[in-house]
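Handing you this structure, nothing more for now.
To keep things simple, chains are lettered A, B, C, D, E and F as they appear, and every chain counts its residues starting from 1.
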Amino acid sequence: MEISRNAFIGCDCGYEEAEAVIFGAPFDSTTSFRPGTRFGPMAMRTESFGIETYSPYQDRDLSDFMIFDSGDIELPFGSPEKPLEMIECTATEILDDGKMPFLIGGEHLVTLGAVRAAVKKFGKIDIIHFDAHADLRDDYLGVRLSHACVMRRCNELDGVGKIHQFCIRSGDRSEFVYADKNTDMNKFGFDNLAEAVNELKEKNTPVYFSIDLDCLDTSVFPGTGTPEAGGVSFNELLNAIIRVSECNVIAADINELAPMLDPTGASTAVACKVLRELLLSVLGNKKERI
Amino acid sequence: MEISRNAFIGCDCGYEEAEAVIFGAPFDSTTSFRPGTRFGPMAMRTESFGIETYSPYQDRDLSDFMIFDSGDIELPFGSPEKPLEMIECTATEILDDGKMPFLIGGEHLVTLGAVRAAVKKFGKIDIIHFDAHADLRDDYLGVRLSHACVMRRCNELDGVGKIHQFCIRSGDRSEFVYADKNTDMNKFGFDNLAEAVNELKEKNTPVYFSIDLDCLDTSVFPGTGTPEAGGVSFNELLNAIIRVSECNVIAADINELAPMLDPTGASTAVACKVLRELLLSVLGNKKERI
Amino acid sequence: MEISRNAFIGCDCGYEEAEAVIFGAPFDSTTSFRPGTRFGPMAMRTESFGIETYSPYQDRDLSDFMIFDSGDIELPFGSPEKPLEMIECTATEILDDGKMPFLIGGEHLVTLGAVRAAVKKFGKIDIIHFDAHADLRDDYLGVRLSHACVMRRCNELDGVGKIHQFCIRSGDRSEFVYADKNTDMNKFGFDNLAEAVNELKEKNTPVYFSIDLDCLDTSVFPGTGTPEAGGVSFNELLNAIIRVSECNVIAADINELAPMLDPTGASTAVACKVLRELLLSVLGNKKERI
Amino acid sequence: MEISRNAFIGCDCGYEEAEAVIFGAPFDSTTSFRPGTRFGPMAMRTESFGIETYSPYQDRDLSDFMIFDSGDIELPFGSPEKPLEMIECTATEILDDGKMPFLIGGEHLVTLGAVRAAVKKFGKIDIIHFDAHADLRDDYLGVRLSHACVMRRCNELDGVGKIHQFCIRSGDRSEFVYADKNTDMNKFGFDNLAEAVNELKEKNTPVYFSIDLDCLDTSVFPGTGTPEAGGVSFNELLNAIIRVSECNVIAADINELAPMLDPTGASTAVACKVLRELLLSVLGNKKERI
Amino acid sequence: MEISRNAFIGCDCGYEEAEAVIFGAPFDSTTSFRPGTRFGPMAMRTESFGIETYSPYQDRDLSDFMIFDSGDIELPFGSPEKPLEMIECTATEILDDGKMPFLIGGEHLVTLGAVRAAVKKFGKIDIIHFDAHADLRDDYLGVRLSHACVMRRCNELDGVGKIHQFCIRSGDRSEFVYADKNTDMNKFGFDNLAEAVNELKEKNTPVYFSIDLDCLDTSVFPGTGTPEAGGVSFNELLNAIIRVSECNVIAADINELAPMLDPTGASTAVACKVLRELLLSVLGNKKERI
Amino acid sequence: MEISRNAFIGCDCGYEEAEAVIFGAPFDSTTSFRPGTRFGPMAMRTESFGIETYSPYQDRDLSDFMIFDSGDIELPFGSPEKPLEMIECTATEILDDGKMPFLIGGEHLVTLGAVRAAVKKFGKIDIIHFDAHADLRDDYLGVRLSHACVMRRCNELDGVGKIHQFCIRSGDRSEFVYADKNTDMNKFGFDNLAEAVNELKEKNTPVYFSIDLDCLDTSVFPGTGTPEAGGVSFNELLNAIIRVSECNVIAADINELAPMLDPTGASTAVACKVLRELLLSVLGNKKERI
């Protein structure tokens, strides 16, 4: 009898032959409102069997690629320093083995670990960031390693060039002031995405791509700690992802699904489809570029 | 004291005088992911009292028509053969009495029973099919009478001409290949619906109209076994239904509501409104054509 | 140690210095379908800490204004006469103190209490009414003080000029007939809102602004007693509110959130954001007009 | 085709031949905490198909008796006077036709209507009352026709002898003081029930039997507006019902199920089984006494 | 990187060295009321990390034993014949390899597959059956392979000696009549369990042990399709399991958890603890007997 | 107009005159399974209006005492050090002002902050600890300030004498070994509680009383992160609390309610009643001892 695996649909090759590696970071200890994103990656694996491996949008299939799902890192709860180190370590291993890491959160803070690894590997990167929230606070109730500060912390890293933010529609006034001076913030939707992508393509800048799923409208994605009205539709997000994948994406993450907050399961189903399309577009475009 | 009936709002005339008959087929035994559509028709009856009989969209009222709601057929669970026979039998009785059947599922497989009855009655029909899923598999884990195969089975019936599919955004690759050769598949939305309807009107083809409610976006209709992101809005569906009702619709169904999966009740409320608009447009247009 | 207050975020100044006063009317005894709006105002206070005080849409912050949240009136359940008196009394006190009242329901009937107070204070007012339902019945099962009759009762008040209704998509036939003769009804969305606002601005008519949150689509706002498909999006509502705030708004309400009906919490989050934007636009425009 | 009825399982004979009549009173307008009992009787009918008609406890079957379920009275919402009149009127009709009424609430206030009818019919009755709450307030926020006052109102009726209360574990101090002087209150459980029943049997006193299902422990019956810890188990309630049915029970009710408050459905399942056992024991013992 | 496994806590040895094998049968197609037990085994694996491997009741630890969790069999939905064959086949393989099978359902019908395998292997067995429902119908709406008939079908197998039923408190009259003549039925609880076990021990009869978790009270285990009030407590079930494990248990199953029906997760947590105690008592006693 | 307060029912006196002070610690960052206890204290305040201030068990009323509810401390999320300091600081202030602190968690780790304050104040204390889980791990995934270690950390404090543990039914083997040597552990229930209390009374030992509500059975209290079957009933807990209050209790806490995990609200209602009875018994007995 075979061992029962628990992998995202169509992502069941071995590590050695994999071109891409999915790993989950079930961490939500700094979440300030409603926790539960720790259950995000596991729920996405289980519920992925409600979608297909094939995308009629891209006419590509997960079985066309070699993807390994390594499961969740076993992270301690409480202080974020140790979990961030463990995430960085895993992402580094994957990058050093010449594979592309796809991180599933957990809260958005997990991105910092993967970005550190990407900077270490590539020297200089830009970040494309889809989110309802600016995540640019200097601290949150005195805590600097908080989900509400993650893009501020990323921006302070040597090696991170420009952060291109889209769909932002929430933050305190100081975050928007900070963004004016320090990031390429695009409020509410995807205006200017095409221009940003074109510039990054021309320069072949390595791009870290971080998707906070709450960029989606609350109607599409209520299953998250801090749903924020006025977001984009699934189709808008899909088109934006396909657009971004024209860049030289070197790592990506998808985070902030809190599956128990949406008992209909629709949020998890949406997250699964976003991950499938992200994998297919990034890996497919990479293959075509070769 | 009167007997307490349980009928869809405004559908309480007697069978004899009825021009249309609603019947429920509470079957979901072949559902491969999340079951629960068996509770769909009963929930729609109970919750229909949250909507009105009058439509401001069409300026028509259910009380303008003679509609009988015969309740649910008592179907055995397990093997689908017997339930399909019982559905076919009921639809046949209704058609033979010169009334129009409106079937409420249940899973989509129930359509096969009603289509068999329609073919027997009208000889040659086309099908208009709104759905997120192609439902064109040849078998599902070896089972050929499965919700995932229902349009394939319909297509194999003598007497079924063309199946016009709309909103399709999920399936495995083989289904899309099959569709290219065998059906009139229109992906994602209602592009080309006007043309298809015009052609059917010109030829006065008898049309069976099957609505899988998961054609709607997951935000509008999360209460279904396999919600699929990227669907149409309620207003888009409403307009499409009104458009289809210009054809010679001879029978229709609406299916895949799993009411317990959406604890807000919004999915059931949407389903009730879709059924009201379907009844009003199909019966209203029929009357006007006379 | 300080007393623990329970106020909507950013609305924690004292009554004396306040320019605006929020008060809740937790009443839902005439609700005919699914009750629960009594919990609306309390849920909005608790959950308001999931949003920010700052609006990137308007570049205004609740902390720029002096707003007092006086909590919920303690209303008896059952007969509506006494609660309506108590609501009228509170609104009158606020208006007489030169402050602007913002009422949170509760079911829509609570509006009648506040409108009575506004008429007493201003003599002659118009009402702008956003709602899925016409609320123009003469009685509901023999009851004339019912949520389904509230705009009919308002219309009968001396001092109420024209009621401008938007987003209406449900009612029985008689309500639409009544509207044709008696109100400025605009079905389905916000067509003609700009014209109505311009006319009211020109005449500087005092405007009572009543928002039944079920004007929103069921996908955005399932957490209400009678969700009605085909509504407007959050962004459409937001723009309409900003438009209305160009008028001489002298009081406003927001009602029909039933928080327990949406276990995802998204409906409550939406309601909080609507209230923030309503406060900022009405109070901000008022300040600018001075 | 037959009309689809909606009756409690096994209660589908005609009115004429019936020895007992079930009727629902979907009223909860005076509920002061969490409403929703209006959906109780309808949910019990729908979910009754999850239980059997046969009781292994009593070796009796609902099909052994002639029971008619007349559905729900269509009650207006808001003021309680009119609904109470309508309930009294229905109960009177049933009693005058020589049948036994079984009322399903709704909130506990509905009992008052049925008790008025019973007093009118029998002149002098006692009441056996199972409840977590004393329901002996003189008024609730100034309202005297409130669920919290129902047993006080019953006690004030000429013709009501003694009210025997069991399982009481909540109330304000004044209610317990009132009980000391005015009712036969037995706190927490069923101590002294046997004695009370024996005395009533000896005198053959006509007994109205009112069961507020929140007498059950919150673990067994969370689906009610005001769950109160420390209640009795299902088996204890079952034995108590069988005991009470040795009296000359002339009418009964069962109330306070709020089905939507328990998404597991277990509370509704419990309520159905309680009603079955109540019907079988009261009707069975009555038959045996003849 | 290691492959991510999905096994019940503490059950992660390899197949070869295993003394016991857990396998899931996610089948619920014949469920007549509320489906969803198909998700039972997967939910138990995921949620098992909320309990410990150690039992303070037995002072034993899952790590003291060699247990392999082989995951779920991939079963087709619809007709039960094929799934039953596949279950029988898996159980046979395990038994033939000298290991003890522990089957997790799914609906109770899955037991029939495992019992067939046990009879094939051991020739003559008795069954100990804990359940709220008799499961002794000859057919259910004409279907003979139904969860409601499973013990009748087992009883008809050559090789099945006596079925000892406990906790039975639901069924139609005919089932209780059948039981009188054909099974050792013990109603309501565990009276006579000690005697039955002693007799089986004396004769060293091979015993198949089937636990339908709805033997538990609805308060303890609401997460099942047909919760039935009046069941046993967890501690009563625990003691009964320890008692049964004194027999020569040769295979066992645990079934009817429908995890989505209990959003608190308590039912799944209970099921996990029952499985742990079952494994520890059966395997521990077996080891001690050697 | 008055400011709207948010206090536990009957706990609304001022700080100065208070004899007891309630304060909430909404912290759950080290929770390893299902988070959400951060919402516990706020939910208890809101839902406390579903219970009465009067206890028929003790014939005492919250209005007989002077209790101030100071609301929740605003704690940062993530690392536990700072929150523990803030809790200790608040408890110290209360104790130094001669009042008795009642802490509402949050996860169980919050107890450590209050125990530190108690030790500082009283020099030498014992702890009475009701819990399903031993909480005696030395670390959890390397973290020593974890809810799973809280009683181990307390035991290491100078000044903490004996920890008397009751209801313990979960832990790994090492915790039970540690308990054998280091604590007075009583498994499963309240056996030996009377003896322990008598001894503490005789010596007049200052007692810190910590109640993890998951000592209750999962049926009574499913709304907690790690429900553990086989716990005590509400009445057993109530009697145990009354018993413990005979000691010289100098501070107490109640924790681990995660209100969103039990959508029925019953768990929150139970927690409210436990807190009422705890306040009444501890404060009542204290008064009587004087």
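Operating definition for what follows: contacts are C-beta pairs under 8 Å (C-beta built on N, C-alpha and C of every residue); 3 or more make two chains touch, one makes a residue touch a chain.
Note that the structure is a prediction, hence the values are computed from the model and not measured.
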Between chain E and chain F, the fewest steps along chains that touch one another: 1
Number of hops, chain B to chain F, where each hop joins two touching chains: 2
Numbering shared by both copies at the chain E-chain D contact, with half separating same from different: different
Chain pair equivalent in interface to D-F, over half of contacts matched, among B-E, E-F or C-F: E-F
Mean-CA-position distance for chain B and chain A (Å): 38
For chain F, residues that touch 2 or more chains besides their own: 34, 217, 219-220, 262-264
Pairwise touch network: line, ring, star, complete, or other: other
Chain-chain contacts as defined at top: A-B, A-C, A-E, A-F, B-C, B-D, B-E, C-D, C-F, D-E, D-F, E-F
Complex contact set, residues of chain A against chain F: 28-32, 34-36, 38, 74-80, 82, 140-143, 145-146, 260
Touching residues on chain A, where the partner in the complex is chain B: 49-54, 56-57, 61, 217, 219-220, 233-235, 238, 262-266, 269-270, 273-274
Residues of chain D that touch chain B when the two form their complex: 1-7, 15, 21, 42, 46, 68-72, 93, 263
Residues on chain B engaged by chain A in the complex (per definition of touch): 33-34, 168-173, 176, 187-188, 217-220, 222-223, 226-230, 261-264, 267
